[in-house]
């Protein structure tokens, strides 16, 4: 299953939690593990707070301080910092699925991390089955 | 399955390897893949050296240098740096299970990363079945 | 399944995509999820651009700036920075397998991140089965 996300800024965190939950609902799967994966090298995925939007801005600003645009980059396309940020956040997340939706913590959301936008990005979702007894006994 | 961890300091790395192995033993599962997941946004998980405790202090100190407490954070709760550190470490780990325990490297342990403690934290463990032939042929 | 990689430099990113695809081909598995895992604490794994080799150099240089060799490290073995870099990149990656090979994006490759070489490193590959209907409907 694939999600298409149109980003609007050079760098932004897009909350894709609800869209992923819709994909899971369509699949009819009630329980398992969801592998969320971006097939891009200048975008990432993170799970973080979805309540206060200021957190997203702080995350982006922190990455900006860690990986400044102006440095002695060798890569000629001008997006070397975006590659570094994608390495730091990582490009996949695994989340349990319970009752047909992502089993996230109270304050958690899944965010597509755009570091070289605006672009059209894709997010793949794969669902894995949990082992019987162990999976059912969780919580 | 869930593990409850009471952290004691503002920031610390708590070795949860043995506790996870106990959960796996209780499950009766001998082989598979363990998904370890924290449902929190100011805590993370890392797999690193469990021999010399100084490594843990170095990891925390390095994160502290990368994400200083005093910076122009927008998030008003005062724990923005903890959110950033959680993004950098990540909140899930996947480890193969063999012979009823985590198949870690010689020097590896699984650590809960507390960045905004002390608190009571939860760690979820889900076990996935490996595909038959391929799983059995490993090692 | 295990891959042995002989690294040549103190720090380098080794493209192991083709070697992983060979392991998958040998397994006979056509579809599933591959868990790639390094059992080391001073090496990591990242998925990033495999077209321009300059990107690899930029990634290493960025980590070098973030985690300088000369700092007040407590760990006496002299490789504390390598432990920090391993934490930042992470030591596992999950990738879907389709048609008997890793289903990566156009510009993506899987890289072993050596931070304390040269050494002989191992990379474990485990294949998980995707849940039936949901797995088959992807793409």
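Letters A, B and C mark the chains as written, and numbering starts fresh at 1 in each.
In this text, contacts are C-beta pairs under 8 Å (C-beta built on N, C-alpha and C of every residue); 3 or more make two chains touch, one makes a residue touch a chain.
Values in this document were obtained by computation on a predicted structure and should not be read as measured data.
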Discussion item. Tell me the rotation angle, 0 to 180 degrees, that brings the C-alpha atoms of subunit B onto subunit C, to the nearest 5.
Written reply: 120
Discussion item. Please tell me whether the contact surfaces of subunit A and subunit B are same or different in residue numbering, using the over-half criterion.
Written reply: different
Discussion item. Using mean CA coordinates as chain centres, what's the gap between subunit A and subunit B in Å?
Written reply: 19
Worksheet item: Of all residues in subunit B, which are in touch with two or more distinct other chains?
Response: 66, 88, 90, 94, 128-129
Worksheet item: In their shared complex, at which residues does subunit B touch subunit A?
Response: 1-2, 27-29, 32, 35, 37-41, 66-67, 71-77, 80-81, 83-84, 86-88, 90-92, 94, 124-129
Practice prompt. Please name which positions on subunit A make contact with subunit B in the complex.
Written response: 33, 46-49, 52, 54-55, 57-59, 61-62, 65-66, 88-90, 93-96, 103-108, 128-131, 133-135, 137-139
